Amino acid sequence: MAAYVNLLPFNGVSSQRAGSMVEEAGWADLAIDGVAKSFRDPKGAEVKALDNVTLRIPTGEFVVLLGPSGCGKTTLLRSIAGFEKIDAGSINLGGKRIDQLPPHKRPVNTVFQSYALFPHMSVAQNIAFGLENEKIEKSEIKSRVAQVLELVEMSALADRKPSQMSGGQQQRAALARALAKKPKVLLLDEPLAALDLKLRKSMQIELKRIHRATGTTFLFVTHDQNEAMALGDRIAVFNNGQLQQVGTPFEIYTAPKTEFVANFIGESTVLLGEVKGHSFHGDGLSINNLAQTINDTNNAKLIIRPEAFSLISGVSLCGEVEIKEVIFAGDALEVLLLTSTGREVKVKSEVSLLSRLDIGEKIELFVDVDQIGQLA
Amino acid sequence: MKLTMRRQSEPGIYGPRSVSIPAYVAGIFLVGCPLIVITLFSFLQRGDFGSGVIHKFTLDAYRTVFFETDLMGVKSFNFTYMTIIFRSVVLAFTVTLICLIVGIPTAIWIALQKKSTQRILIALVTIPFWVNVLARTYAWMLLLAEDGLFHQLGAPVLLYTSWATFIGLTYAFLPFMVLPIYASAEKLDKSILEAAFDLGAPGWRVLLRIVIPMIKFGIFAGVAIVFIPALGAYVQPALLGGNKTMLIGSLINDQFGESRNWPVGSALAVLLLAMTGIILLSTRKRKLELAS
Amino acid sequence: MGIASLIFLYLPLITVLIFSFNKSEDATVWSGFSTRWYSTILDNTDLIRSAKVSLSIAIPCAIIAALIATGLAIGIGKATGKLQNALRALVNAPLVLPEIVTSVGTLALFSLVGIPLHYTSLLFAHVVMCVPFAFLPIRSRLRDFDQNIFEAARDLGASSVRVMTKITVPLLIPALLSSGLLSFIISMDDFLTSLFVSGPETTTLPIYIFGLLKLGATPEVNVIAALLLIIPTLGLLVGITWTTTRRRSNEARNK
């Protein structure tokens, strides 16, 4: 119990209130089961925005929904918020079914990409609005508004109107407004998309801090894979309405399950060929001493990250390749090479090799077998 | 192939849907019912002493409008009413045409000015709209009268002729033609015009083959806004045409007033309504075709 | 061509204006500058009475039409059902159909149902005519807002009614004012509907003026026509400068 005091929303709360807050904000797992949603495109064809999506999110986790435009991640978020009706499946929160409730009755709150602050109200009034919709006393509202403003470090701007604030400040205000209601899940719809790079990075750190301070479940939508890996405890990758893979950033990066995930997160090379007895032959390359996890198959797809390859000897040799292009990337070289079958291999190499690599030249390729993954 | 998802938000996002009920009630009772009632009246019998109607079904009203029987009992087309209807259509058509010929260049000219000038010019075009149509029509009474300015300057006396009605209508409806065309024209990407000139096209060609097709939408809107009211105009023929040139509007007013033949007046109104309906439906079809 | 059109539009109006200051009793021949006819109109009790009648209809009409139109805009939201579209088309009809048809129809309806032609019936007829005009500025203003703010209000626990009272309506107040003003002007200027639907005691200003006009040009009519020109023009100019200065100060404040 004591461990949870640190996770309580808004530090500095009396311990008596703390107990009851744990009961509320506590055990509210989000369960998404078999959710499907279709709509008709302008030509009349049916488009599956969400295709049998199942996902379990334990309380307090920071989960990122990642994918390209139109993949369904925002549709899922809006379905949880209540702005889209799902055609099949169910959404449960803390054991209670919420997908049939109207948006204002769901214990979830959204931070919109456009911030959606009420232009005719000050920041404090914006925040108070949500609280006024619950039966809370005026004095309590005042103190909660002050608390949440302190949490997002905006106390000085309480009486400003949205038009008088910068993008980053509006962002924080929108966040504070949503958090004030102590939702069981906080939904964030690409909230950092409109900020410039530096501000984005600092807001990412802020978000993590606020997440730790409140202990609320965060569900964050983005199409930026770097952002996803920086923020998420776990990442759920979507494509074409289907959930491709769920895992920690490390799992997703090192062990992608599908070609889409492999190519969406980081760079990779996919080799096609045959695996027999922990040896791979294909695409003009041979790799021996593969890990135990690599299975024998005639239709093998091996996935290898650029940093797993090397152009300097000392690691397992897999064959000879021709240099196609060398790109200087500041702290490393990105080298594109072609195998004898024409397969493109992406290698991350030390900058010191720059003078030794000539386009058109043939060179030996090495790989660290422990970093090789297999796609289904 | 990326598909943009249309965000389907709840229809009632601004507030409860029931708030629109007063509007619907008003629409049904005070817009829908009147239309139904005059259609009804057109099939009823003229009341005794001309006042109101007798609830008896008859086609007399339509018969009067379309046919007339002379003393010998011979039926022929009722040229009186038919002429009036025909004249109204021709007049409305001519007014619309002139408004187009004058309005399109005016609207384009305004759209080619710089932004601040455009605003001033549009304000100038809009101001007459706010002035009561009676005052605007009276202005022409003043100019076209026997002792008016135009006659003093040598022109023939035009007041109480069809010409006066025509001028009055064109004058009243010109802003209605200019504004929607301007709205279309100002959305035009000027760089397309520049590209056309750059490729050596002469001015009139650019106008005809490029500009006009692109502002089709505004032109259709302008035509509808001018033609339909012009068909049913009453004030201009009454004040400027001196009731010698009767149009549908004056005819209907007459039937509901002095002549006291409500069924005939209703029948004429129904005819006018039918003509309006046809025009509206055909412009809607064109609009849908344009939009897809 | 453009300039020619503008001249065409303004020449008659300027002529009326000039002649309203004509010295002699001849309405159409200029004989010198004088404001004598302006002072006579204040003595015209019929004119004043009809003006009062018009005002007494136009002001309530403006308020009621603006409210009904706002209700329509809010309630309709973004619905696209067939029934909604049909009802909307019906409410919009006065904008699209010739006024003679709608006014005659209204007269026929009142006659059939037995509603006497006095103040209230005329007021209703005016309101129905103004609603489609009042609707336009409100709907366009609603669409200008980031639509997400209404969703955000729901998201934060507000019922439909609260969204309307706390968010939608406060934000619509400027549009409500323009709607009201638009309806007021349309009601004041209306002739045909008032002609058919009014009874003996509800002679509105335009009806009275029309009666005068039928008799031909006179100096008094010159003055009345000139006033009908001057008042709306001045009002418009005031309105335009007010909105422009407000826009400029908003832009300056937001920098």
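Points to keep in mind about this one:
First chain written, first letter: the chains are A, B and C, and each begins at residue 1.
The rule is simple: a contact is a pair of C-beta atoms (placed from the backbone, for glycine too) under 8 Å apart; a residue touches a chain by one contact, two chains touch by 3 or more.
Everything numeric here is computed off the predicted structure, so don't read it as measured data.
Overall, the chain located most centrally, as judged by its C-alpha mean against the mean of all protein C-alpha atoms, is C.
Two chain pairs are in question, B-C and A-C; the one with more C-beta pairs in contact is B-C.
For chain C, the chain with the farthest CA centroid is A. Remark: chain A and chain B have CA centroids separated by 59 Å (rounded to whole angstrom). Distance between chain B and chain C, defined via averaged C-alpha coordinates, is recorded as 19 Å.
For the pair chain A and chain C, the distance between mean C-alpha positions equals 55 Å. Multi-chain contact residues of chain A (touching two or more other chains) are listed as 83, 103.
Residue positions 151, 154 of chain C each touch two or more of the other chains. Under the contact definition stated at the top, the residues of chain B that touch 2 or more other chains are 9-10.
Interface residues of chain C facing chain B in the complex, by the touch rule stated above, are 1-2, 5-6, 8-10, 12-13, 15-16, 19, 26-29, 67-69, 71-80, 87, 90-91, 93-94, 96-102, 104-109, 111-112, 124-125, 127-128, 131, 142, 147, 150-151, 154, 160-161, 163-165, 168-169, 185, 189, 191-192, 195-196, 206, 209-210, 213-214, 216-217, 221-222, 224-225, 228-229, 232-233, 235-236, 240. Interface of chain A with chain C (complex): residues 81-83, 102-105, 108-110, 112-114, 116-120, 129-130, 133-134, 163-164, 177-178, 181.
Here chain C touches chain A in the complex through residues 145-146, 148-149, 151-159, 162, 166-167, 170-171, 253-254, going by the rule given at the top. Contact residues of chain B toward chain C in the complex are 9-24, 26-28, 30-35, 37-38, 40-41, 52, 102-103, 105-106, 109-110, 121, 123-128, 130-143, 145, 147-149, 152, 171, 174-175, 178, 224, 228-229, 231-235, 238-239, 248-249, 252-253, 256, 262, 265-266, 269, 272-273, 276, 280.
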